[in-house]
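Presented below is the structure to which this report refers.
By letter and in written order, the chains are A, B, C and D; residue numbering begins at 1 in each of them.
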């Protein structure tokens, strides 16, 4: 049974024989191991060429910025999964990554698409940046689509990581059309929405990466990779100072049962 | 209902307030973003302190070495998962990570435990390294436990990544007791097992990382993090040149049905 | 840090104390275990009340119909994951479930939404069923949205499972507005699309379940639950007659490397 | 590259052609859909033959018993994953299943292995059941291995589900050597361990299923399948009355930061 289309039958990422492993055209052993950083390698795997120093620095800064922010939901889910299934660290990492979805860490990729739409609008309509922002944000709001990359539950005034990332992009000399757009959205959004939403880390990441030449379709991978590093740190701590079950119990205890019950039954607190 | 023990109720990885995010004692925005590499950050998250230049170089080299080796099973599973569920990139990454188990990428952590057992044997019994290797490998073989970190289906003569990693550790000046043990196992194993098994990348990774001071319990995270980078590259390619269904179909076609069947029924090839 | 909205703080599914476990208002031990079937329990958990005999029969028939169809991509991914990580059966099941996405097993839920839209169109516009089908299918095709639940790569003439499910719904006396719509789509689609697409199992499942009173939002769970049963059977077979690595190798072997390479390098076949 | 062994190349579960789908020798459409229950189908997929009425009743009772027990850790993790990634229900189900590990739902399979070891001891040594229990439990305790299937954090006196399952097995006429062993462990364990541990649901499930002829290697699948049904119910509720983020926030708030910090920094509560 042939499921799906079968138009392609090749990969351009890696080939090997008994002596040599080639990654994106480079000899892995002779040219890469011990000579390039992991961040260089990530860029090579994703974009197909080794990064410039500026590109590497921008990618490094985004990965450092988004990796760790304490006991966020994906970390909580991952640590309770390790508590329940300590035989499979990979399962706990996977459970954490599964929470990198549209509402939380997916915002980077969605904000990248928003900025790209604004850039297209700007080019197609010869609009100035503010006009293009108003037009595209208006379209989002007309269908009640949330504006990704702005607003944060803790960092309400502004997200210090976002500011710093823009600063790094300027220092590295890559800030361009996408940063300009992201800053225009930041400036106009309070007025357009009536709410004091400021650029958050998930808005700054696509702005600086797209300006640096990182592929739009691979944006979603950046927070996933960064979060994997955080999960590995948390899962090491979970092995030595476990809090997974305590967090699960505390989570359950915040919820009460309000369904039907046999006569005389009283539920314990969860 | 209280499930599990609740001895601990603290984390030492990250704390924050509206202005500041602290990671392992450092101000994330002021001290880390734009100043350190992602590899520095990984070391910081896992080990609790920033790495020396030598430590960073060794960790970089292991992550680069293990990230990518073509269409290995975890990549195959991940790409067919994205083909079936393109709405959830995080699900395809998770499916790939779930294959980082004891048989494949888990060998790094298992080899780390083997080397640690040999080191302990050596210290407790004041044995020389060869004696300690013979003793511990003998124990493994007595219970038919495989020796992790040696032998490779493709790189039969030797795994060029393993040699290169040991070389990098020497260049960086961190090679010590663990590398000595890993090389002793490499030398003695053909004689002890009667099979021409040579150190593979999963044997070299724990040797150089443990000598560099990386925590034993976090070894399993290294191939998982590296493979996540590879998966992101492959999933970008899967979005533009999909082969997931073709691989699933080819995999199924290699298997035939040999169960019972109603009279006259002939199964198509899978 | 408070992430997300916190409007609700209750569950109506289950409460318990040291003596009694209540599920959807019933005493689990006194009223359910040993008295009802698992399918009754599934309906109870999802819909909140015990099913009638007809409802149970329809749910049983859909779960039986969709559970097993050989080495489909989710099964292939799951079996290769167990081969790589035999210590974690739950990880292999999870990897299989992650392939129950929009392209493959998600079609049931999408077809349910399509039928619901057609029903709404019919009611709002007092249209006859054919008119409502033409209108809604026309809307889908205007935005190049695929029509879920019709067409099958192997069962091209018709999907025998779909016919049988409709027959069971008629026998059970539940066939109603949704089955009428599903059959109208089946009749009109070849004409509307110019392609000989016939109702498949993922079209029949929502038709019969929605007519039986099963909740629309829980449709996606039906193929996931059924496939879990299939995965458990396959993972037992994988433990005793492993084919996971053979399938991964055969999948990889169908793909060649077409990227750049150092001079003189020839890739082995994958 | 050939990874792993390739001894087998066949499956006995399902084969098909354009007209017919065969499952374990039966015509899926003609013989199974609409005629057998989902529980029959599960038994057929796993054990290879259709169950007797007694076998089906025992399997039904175990699936009903273990499916739902409120906001246990796997449900908590699953609901917070859906809150973060609502686009992928399959990802939230997978996250929940990943928590079905050795500490929580894996106890059924481990207790099955314990009982099997006791049965073997009994046969090999012509021991009476109490002697065999003392011997095998003694071996577990000598290496500080926990005794799976006994003790419960909420149901301390006894687990009412366990009693009921044993009762159902007696009613169905299948209770035999495994139930006898499970009850002997229940009787002797307080004396052997000095702790008032009573048989829990994960002890009763393997006892009644193994007596009914269910395969030992497939035991782990039973709680996974049952829990999948529970997850589907909870994820429907999460779509209509979301509590995932509230539980994640409450879990995090139970933990404080005790790591190093820059001078003057005070962490907010999590």
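Heads up, the rule we're going with is that a residue touches a chain if its C-beta (ideal position, glycine included) is under 8 Å from a C-beta of that chain, and two chains touch if they have at least 3 such contacts.
Predicted model, so just to flag it, every value in this text is computed and none were measured.
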item	value
Higher-contact pair (C-beta pairs counted), A-D versus C-D	C-D
Furthest chain, CA centroid comparison against chain A	D
Chain copies touching (chain B, chain C) - same or different residues, decided at half shared	same
Averaged-CA centre spacing for the pair chain D and chain B, given as whole angstrom	29
Chain centre separation in whole Å, for chain D relative to chain A (CA means)	34
Between chain C and chain D, centroid-to-centroid distance (C-alpha), Å	23
Numbers and ranges of chain B residues touching at least 2 other chains	1-4, 9-18, 20, 70-73, 83, 85, 87-88, 90-91, 94-95, 98-101, 103-104, 106, 154, 243-246, 248, 252, 254-255, 257, 268, 270
Of chain D, residues touching chain B in the complex	1-4, 9-18, 20, 22, 24-27, 70, 72-73, 85, 87-88, 90-91, 94, 103-104, 153-154, 254-262, 265-268, 270
Chain A-facing residues of chain B, complex	1-21, 23, 28-29, 32-34, 36-39, 41-42, 45-46, 57, 59-61, 63-65, 67-71, 83, 88-91, 93-95, 97-101, 106, 154-157, 160-161, 163-165, 167-168, 171, 215, 217-218, 220-221, 224-226, 228-230, 232-237, 239-246, 248-249, 252, 268, 270
Interface residues, chain D side, partner chain A - complex	1, 16, 70-74, 76-77, 80-81, 83-88, 91-92, 94-95, 98-106, 154, 243-248, 250-255, 257, 268, 270
